[in-house]
Amino acid sequence: MGDIAFHYSYIMIIILLVIGLYGMLGKRNLIKKIIGLNIFQTAIFLFFIEGGLKDGGTVPVIDPALGTEAAIYFNPLPHVMILTAIVVSVATTGVAMALLLTIYRNYTSLEEDIILERMGK
Amino acid sequence: MKAIATIIIAAFAAVMIYATSGLSVPGDPESPAAGNVSEFYIENSMEDMHTPNIVTSVLADYRGFDTLGETLVIFTASLACVLILTRRVDRD
Amino acid sequence: MIEHLPALIPISLILFAFIAGILGMMKYRLSRYLAILGAVAAFGLSVTSTIHVLQTGTMSYHFGNWPPPYGIEFVMDTLTCFMVLVITGIGSILLMFPTKPGFMIDEQKSATLYTLVLLFMAGLCGMVMAGDLFNLYVFLEISSLTTFALVSIGGGKASVASFRYLIMASIGGCFYLLGVGFIYFSVGSINMADVFQLLPAVYDSPSVIGGAFLIITGLCLKMALFPFHTWLPDSDTYAPPVVAAFSAAVQIEVPAYVITRLLLNVFSQDFMVTLTPITDIIAWISAAGIIIASILAIAQNNFRRMLAYSSVAQVAYIGLGIGLANPLGIVGGIFHIMAHSLMKGSLFLIAGGLHHHNGIWNIQGFQGLGRRMPWTIGALTIAALGMIGIPPTAGFFSKWYLLLGSIDSGKWVFVAVMLISSLLNAVYFFRIIEKAFTPLNNQAASSDNPRELPGKMLAPILILATGILVAGALNVVIINNLIMPVAEGL
Amino acid sequence: MIERYDSIIVDITCRIMVPFIQLFGMYVIFHGHYSPGGGFQGGVLLASSMILHRLSLGYKESYLKLPPARASVLGTGGMFLFILTALTPIFFGGVFLDYGFLPIPGLEPAELRYYGILIAEIWIGIAVFGCLVVIFDRLTERRLD
């Protein structure tokens, strides 16, 4: 349970997360919402990678010269989870773009206020 | 709307700062995540499947079902794009 | 082959999704029949595995033959069996609804659609059976990605609703993922059973508390629990009726089940009830959600929007059952999953059928339907009685157990909340029934006399309506065999 | 839909780069056991080469190289074969995804897993390649009205 000063990298990640969340909730333009979503997800990836680090470790590819001591290599599991999460993020972005295209075709705008106005609400 | 968003974001930041204060220092080789499961992967990957890249062996074999799900996710996304962008008569 | 059953349920759905897609490209009519066949096959497998689980106890499937903390496992106990039965059973009935009125899409283009529906069901089954926190996330994303596409079929407004849902669901998924990260970095494992063993040592760590909070918040977003419900009314109003039925009947219930699963098998009772007020918070916001969503439902004129707000209220019942955190509350909540999926499934199908057949959207349009469409309105009446909680229906028994749970925990406020909400339910459903049995006063309207729905549309509606009564009659059997053995572990 | 951009520099540069990106993608897939890489990364590289081709040469030429229908066949086929590969061990006494039971004669389980991972990565690469190209094609499709 370390001091907060040692967690400065986590603080940076939290700042990124907050920027992403603000983009999703605060912005009125739909593209900006997607950008916010991507920032948010990328910050999560950084969070996982940060947690998998080990001081004095190297990438998790076994080098026969170094042996298979666990302390030498970074933790591989966060990397695996993040690979999956990246794919999910790409898939979500692709679907979101497709949705934005249909929205634009129907309402010729990507501003939330104008869309709501044209939806007749 | 802006005010609600600000409150939500502030609450989220507070939760995150509170939660990260309990994590071990980044880079700590003794952290809980460094032991347990990950140790097993590092020590057995070479024996079990002759694969030096531990990430590949975990991704494709130890946790292969995640990878199947992951491929399914991107396949689903492509089908979703096909369905979303199919031209159809608008009902309203 | 019997030991492969847990894996085969989602895999059979995925394989049938492929077959339906590929053959559907060649001959479009085939895809619908293959989709129904796939769902029924998965239902058959679920029944077989339920029988097997009842005879021999919990099944566990280790993918790649790696023992649990290292590999991924599927766990199948009686509660899982119950959920899988609900998902595949309701899914196969909902798929029987014809394509054109059900999905508002030309039959020629339906191959992709049915592939996605089967993948959606596979995702939900995977979520239910996953014994690994991260594997659950993957299936969660499969089920939400399919929903975005399915909701957007409804046209322009539906696309906007679907986009909103995408943002909310992505936030939910990301919160869940962050929470899993905190749990993983605190204990070093993501297998549910393993986390359950390792967690007590670090109960007071802020990262475990924060992680649990994030996970629960993410799942509450997905299940549209009251303060996070904003995406549901729009998507349920503009989505095609069968998709709305799927979304209200199974999709928002599965995260509720996952919260139950986390309460029982990951964070123990000590953590969720005693150490942190998580269950109390869930119970109170659910209670608020029941009342507020019911009042909002009364204010609606559009039938489907009213049903959507009613879904928010009904999901809050499940949340209340979880929040009570005693066996009776859990039993009530979980049984309400089944009751609600039967009732809301049939109500949305009726809404879709009436819209397609008679062009009725609003509650005013129901006037005089009782005489002309006796079967449809009969099914509607049964479902509405179930929603209110009148005795022979399944809805009564779930509410009964929830009441018993509230009394058991001594929280009389919740008893009052449930009685008031039953009254509110009665207000908005009797309004429709009354309208339907009021004869039309002008003869001009009777010239375009709407007759009974065609048999193809009526069949799934009647099956679901019968299901409400059958589930009510069999409630003791279901609860004693499937739900109680797990809920007693609390 | 993307029209061809009439510039000799873009044209020639992209024509030269595309095969190398594809080669690198295949290297990443096949060398995933020894260096960072694997099916996803390789598949994304292959898809990005195709997307570059489409962006630079326009749809008329690019669709000749890889028609959209063939991309969807690649995506579906890769995914389907991956699931079949994962299912195969069930019929030879193993459990789902247990590559140690793949029916390749003369190999011990560890070697079988080695080759099982390779086969899986190849299918994943093909599936990701196809699916990403399908997404791109759908997003850039011309509106017909």
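Every chain is named by a letter (A, B, C and D) in the order it is written, and numbering of its residues begins at 1.
The rule is short, and it goes like this: a residue touches a chain if its C-beta (ideal position, glycine included) is under 8 Å from a C-beta of that chain, and two chains touch if they have at least 3 such contacts.
Keep in mind that what you see is a predicted model, and the values were worked out from it rather than measured.
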Comparing C-D against B-C, which pair counts more contacting C-beta pairs?
B-C
Computing the C-alpha centre of each chain, which chain sits at the greatest distance from chain A?
C
Distance between chain B and chain C based on Cα centroids, please, to the nearest Å.
25
Between chain C and chain D, tell me the centre distance in angstrom, where each centre is the average of that chain's C-alpha atoms.
36
Chain centre separation (chain B, chain D; CA means) in Å:
22
Averaging over Cα atoms per chain, report the distance between chain A and chain B in Å.
10
Give me the residues of chain B that touch two or more other chains.
16, 20-24, 31, 33-35, 37-38, 41, 52-53, 55, 59, 61, 63-67, 69-74, 76-78, 80-82, 84-85, 90
When you check chain C against every other chain, which residues touch at least two of them?
14, 21, 63-64, 134, 138, 141, 145, 148-149, 152, 155-157, 159, 178, 184-185, 190, 205
Quick one: which residues in chain D touch 2 or more of the other chains?
34-36, 38, 40, 76, 79, 83, 96-97, 99, 128, 132, 135, 138-139
Partner chain A, residues of chain B touching it in the complex
2, 5-6, 8-9, 12-13, 16-17, 20-29, 31, 33-35, 37-39, 41-43, 45-46, 52-55, 58-59, 63, 66-67, 69-71, 73-74, 76-78, 80-81, 84-85, 90
What residues on chain B touch chain D, complex-wise?
47-53, 55-57, 59-61, 64-65, 67-68, 70-72, 74-75, 77-78, 81-82, 85, 87
What part of chain D is in contact with chain C in the complex they form?
76, 79-80, 83, 87, 90, 94-100
Mind pulling up the chain D residues that touch chain A in the complex?
34-36, 38, 40, 128, 132, 135, 138-139, 143
Within their complex, state which residues of chain C touch chain A.
134, 137-138, 141, 145, 148-149, 152, 155-157, 159-160, 162-163, 166-167, 170-171, 173-174, 177-178, 180-181, 184-185, 190, 205
